[in-house]
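Okay, got some structures for you below.
One chain, chain A, appears in both complexes that follow, with chain B as partner in the first and chain C in the second.
Then we have the complex of A and B:
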């Protein structure tokens, strides 16, 4: 530790820390534009110039490491002269038409100019004008406002791993752009909007919708993947306007995925279901809640005599409270068929137990030195886990993949096995690993062959001090998922690696906690049909892996009850009752993420029309069936009840009774990242991106 | 009588001076052989270069022996020696003639420098517009390879060294050493923030030494004739001869290699004096980035660092721009401010924004639309750039503006007051 004196105040710091961080830690503010703690240092804006004793010129605080005894003045005449000069230079070519700029009110340039700018400009020449570029449906550009801080450029190179933006031209002609007109396609692209200190890059769907000072920020959690990214939702008069990241170093750092940012558009989708609806003789009629629920109870009752005829399909993004109440209600009615793992078809490993979690904290991923990803397109499925993995890779971690071909990686892959048969490749790697550690091969592996790549991957895992196996959504969708689990866990053991069967959705972990004891067989229900389906928060024809079968099962069922936020044509065809539920910001509850953080959030937006949070609907249904214990007044009471159960994940013990004789290659099933849930499917901005083209079933 | 062409240009007068046979006939590659045979150790070479009092010829005048000593020859990993032949400073054309007429001396210098710092690979970054020099230098490399002076296990010494050329694309900023490295790496030519310096983080992140063409081409002669010989050619503050590019209103504009410390007057007469029998008005002694001096100060100075500094300017790259008494200083400054405006890399705010501002104001004055406050604005803006930028270009852009106003403010005032130049008075 060294001691630095800033404006007369003695501050302790680690030697080599940048002056700007040290000043921040002591709450001494130094103006800045190009500096960002998550990006490399560019030192190009020169706004952070301060006065360091002994230096003839003012030095940039963002690029000056502290030394013991350093004396700094951020407010001396020399420092202020430098800061004001830079401010003046920044403003001469800036439009200064803040009233028509979308960044107005939350602009770093505006803020700093209030402190360091002059009222009257001595610059009387014509200002620079830069042509705008269309970079796609998510980001609006207004490049005349750009102050060339290169944060967006560095973000692309360093974080997103795609050099989509760059600087071309010199001097005043230096422009930030894509060079050849194209869209910015990173799944993390929206973060550039937050990074851009001015109104050069703004949120396109949100453009001109509201002013920052009209907005109220509410902390909550993003419900699209198992990261559980922390976000703020900005509302105006109770209406959701936009989403921005909420910093949480342990989870999402300062980033969010584009899915988390832009899918809030879906709240205002034209097909929101706003009133309960019931179909009678082929005709839908809207009715009030009490009537609709009465109809629901009456229609359901005849089937309760044989509850085996009923299956409940539940969104893996449902809150913990909703999952719990679904199970409580269902079990009280004798229904045991409940499933949320809709993108899975092989459930035979359930017998060993279920553990879909990350075997470490997200931050620890950065310290891994060898990783094997099996059947997972992490970049698109879990963008912020991928971001951690990318950091590890840049630090020297070897990342190997066994995946279907054609996936687009944004990090360096050491060895890549392209395959349609994850099982056979995994068996080969396991055999290679067994040989490397001189372990006897099981008889089941006798016929398995392996090549140099398999050996290299096995060797990488073995020699890694912190090595990890990760299974993704593609593996989970495989017809041989249970065999993959068996082989992978064995490989993890042999090579001394951790093993993570990654949860995909925002409450996969929570739903598994509550539903693990329900033995389920979704594939069978869909293939052979059930008389009654109750769907909670999903569109089975899009959310199930076996989509065609799901649709047929719905069409052939005698009764389909949908608790849904959306009123789609296909549901109208097969459903009998549609009950409108609140989603996202209109709801309160808890989500359990990939590293088992229980994150509760509050309700702060008014639900559309008559829509109600699903937990309330379930509670009323409980009452209407005269069931005990459905008298909750809020989600906190439900949560308390769940906590009292002390649920925990049991580590599965996969038996390696492998039968590899019947392995057939399976066509891979990639879930397009902008089709993963009903909200994402209803964000026009996301649907206009290349990632969504050709893949969204609603398009 | 001033003695000419003692070092870098010593072979220029010979027939086919660029040919390896000519070079060898003049004792070329002898030092390189000595070095390879172990007769001269890296430390001895550094000591000799220190004795020679050679200061970097790229403009900053940094002592070369000291720069080389920053490199750890024995540290593991790749190291690079880079020669800066970007030569784009207005007024400079001295390095061009080394590559045209004496390329092998540069190759020998680079090979020795590489050996000293432990670099087995060298790059020569050559200004994009230099076609003939590029061609000559590239051919010279091929000849040197054929002659076994470059390549693997050179002359059985166990030492490898090879050279590459890299052609610039017409940006002045790529002469700044870290922008040059970025450019070799295939990136946009933009200076890096320093530290780290190239000696620790250079080309492709590896330890790198960058020297000017003239600096490196001086090495073989220093080692052949001794550091002392070189030092004595010059003055106490700087040894050796120096190449001066004499341009402007001269009877015989050309490059002249003369001993450091030669009086400017003598250099002027070497170049035939001011053309058309006119009077001297002003001199920019070291390239456009150095302050302009009025005639009296210039005529009193000697061509070495200290003397020029005392006169109020800088020796820079030795690019002497001579202006006669008919020169319109406002027009001259307009052209110079355009140059820096055009050539700023654009990454840091004061230079990107300030160079254009200065150009526009000078241009307005020259167009006869100047305002009384414009001179203050120019002084203010140039002052606000200085010391607040990443690289020397920003500071350099402010120097002509400040110095032209310091010595010739009345010409600017005349434009502002009368809408025309002092020559239009009648």
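Then we have the complex of A and C:
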């Protein structure tokens, strides 16, 4: 540790820390544009010039390491003169269009210019103008406003792993852009909007919708993937306008995925179901809640005599409270068929327990030195886990994959096995690992052969001090998921690696906690049908892996009750009752993420039309069935009841049938990342990206 | 000049020349060879680069295309529009300007009947204004292809241009 004096205040710091970080930690503000704590140092904006005693010229604080006894002044005449001079240069070519600029009011350039800019410009010559290119549906460019800080360029190169923007040309003619007409395709691209200190890159769907000072920020949790990214939702008069990241170093750092940022458009979709609707003799009629619920109860009652003929399908993005109330209501009515793992078809490993979590904290992923990803397109399915993994890889971690071919990785892959039969490849790697550690092979592995790649992957895991196996959504959708689980967990044991069966959706972990004890056989329900289906927050024909079977099962059922936020033609065909529910910011509740953080969030936006939070609908249904214990007044009471159960995840000991003689390759079942739930399917901006092209079933 | 397969430009002799540069750098730092590679492909393409050609360089050197565009647009040696068989690079910086480069430029434009950045009808010449090439001692000067011509006058210009094929 060294002692540095900044503006007369003595600050302790580690030797080699950059001056700007040390000043930030002591709450001494230094203006900056190009510096960002998550990006490499560029030192090209020169805004952070400060006066260091003994230095002839002012030095950039972002690129000056501290030394013991260093005396720094950020407010001396020399420092201020330097900062004001830089400000003047930066403003020479910046247009004075703040009144029509979306960044106005939340603009770093505007703020710093208030402090360091002069009232009148000495510059009266022509300003430069930069032509704009269309970079896709998510980011609006106004490159005349660009001050060449290169944060967006460095973000692409260093974080997104996909350099799409660059600085072409030179001096006065330098431009930030794609050079050619090309969209920005990273699944994290929206973060460039936050990084841009001026209005050059702004949120395209949000353009001209509201001014920043009209908005109220509400802390909440992203509703799509199991990372549980922390976000702020910005509302105006109770209406959701946009989403921005909320910093949480342990979860999402300062980033969020595009899916979490742009899906909020769906709240205002024309597809929103705004009133309860009931079908009678083929005709849909809207009715008020009490009547609709009465009809629901009446229609359901005859089937309760034999509750085995009823199945409930539940969104894995439902809140913990909703899942719990579904289960409580169902069990009180004698219904045991509840399932949220809609993208799975082999449930035979359930008897050994379910543990779909990350076997470490997200931040620890960065310290891994060998990883094997089995059947997972992490970059698109869990973008921020992939981001941690990418950091590990850049630090020397060997990342190996066993996946269907054709996936696009943004990190260096050490060994890659392209296959549609995860089981066979996994068996080969296990056998290779067994040979390497001189362990006897099981009888089932007798006929298995392996090659140099299998040995190399096994060896990488064995020699890694912190090695990990990760199973993704593709593995979970495999017809032989249970065999994959067993082989993978054995491989983890043999190689001394941790084993994570990664949860995909925002409350997969929470739903597993509550529903673990329910015996479920979704595949059978869909194949052989049930008389009654109750769907909560899903569109079975899109959200189920076995989509065709699901649709047929719905069409053949005698009664289908949908608690849904969205209306659709296909639902109108098969459903009998549609009850509008609130989603995302219109709801309150708790989500359990990949590392088992229970994150509760409040309601702060008014629901569309008559839509009600699903937990309230379930509570009222409980009352109407005259059931005990459905008198909650808020989600906190439900949560308290759940917490009192002391639910915990037990590590399963897989003992599945490992007969490898009848392995059939599973057709690739990649879920396009912008089709994972009803909300993203209805976000026009996301649907206009290349990632969504030709893959959204609604298109 | 022989015709060039612009969709597959890095082959045969071109590939050999680029590989000679690549051999000088560590295998994981192929991008170090981007400037010589661009120079080589520009030369065989008749003096200018296209997006397709830059993309092939990017792919061959395992760089993102935008990184190649950055380099190719930064250095004035790289052309993005067709040029003449001989590219006349006339210096118009301070020393040459004081010694009459502006008048020379006008003379050139009238003589060849083209503006800066344009190619003569016969494809023989194009004119480019360049910054200081470090020959101020004998200003005004110009570079044609790989040769410096100094102490220029209108008469010298005529002689030089006439002497070129």
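As a convention for this text, the second predicted complex is superposed on the first by the 697 of 699 C-alpha atoms of A that agree within 3 Å, B and C clash if a C-alpha of one lies under 4 Å from a C-alpha of the other, contacts with A are read in each partner's own complex, and residues count from 1 in each chain.
Criterion: contacts are C-beta pairs under 8 Å (C-beta built on N, C-alpha and C of every residue); 3 or more make two chains touch, one makes a residue touch a chain.
Predicted model only: the values in this text are computed from it and were never measured.
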item	value
Partner chain(s) touched by A:163 [first = chain B, second = chain C, both, neither]	second
First, second, both or neither for A:180, with chain B first and chain C second	second
Partner chain in contact with A:649 - chain B first, chain C second, else both or neither	neither
Chain B versus chain C as contact partner of A:462, first or second or both or neither	neither
Partner chain(s) touched by A:125 [first = chain B, second = chain C, both, neither]	first
Residue contacts on chain A - larger count, chain B or chain C	B
Shared chain A contacts, counted only where both chain B and chain C touch the same residue	166-170
Touching residues on chain A, where the partner in the complex is chain B	41-47, 49, 56-58, 60, 63, 82, 85-86, 88-90, 92-93, 122-123, 125, 147-148, 150, 166-174
Chain C-facing residues of chain A, complex	162-170, 178-180
Interfacial residue positions of chain C with respect to chain A in the complex	51, 64-67, 69-70, 73-74, 76
Contact footprint of chain A on chain B as seen in their complex	171, 173, 188, 190, 193, 341-350, 352-357, 360-361, 364, 373, 377, 380, 384, 387-390
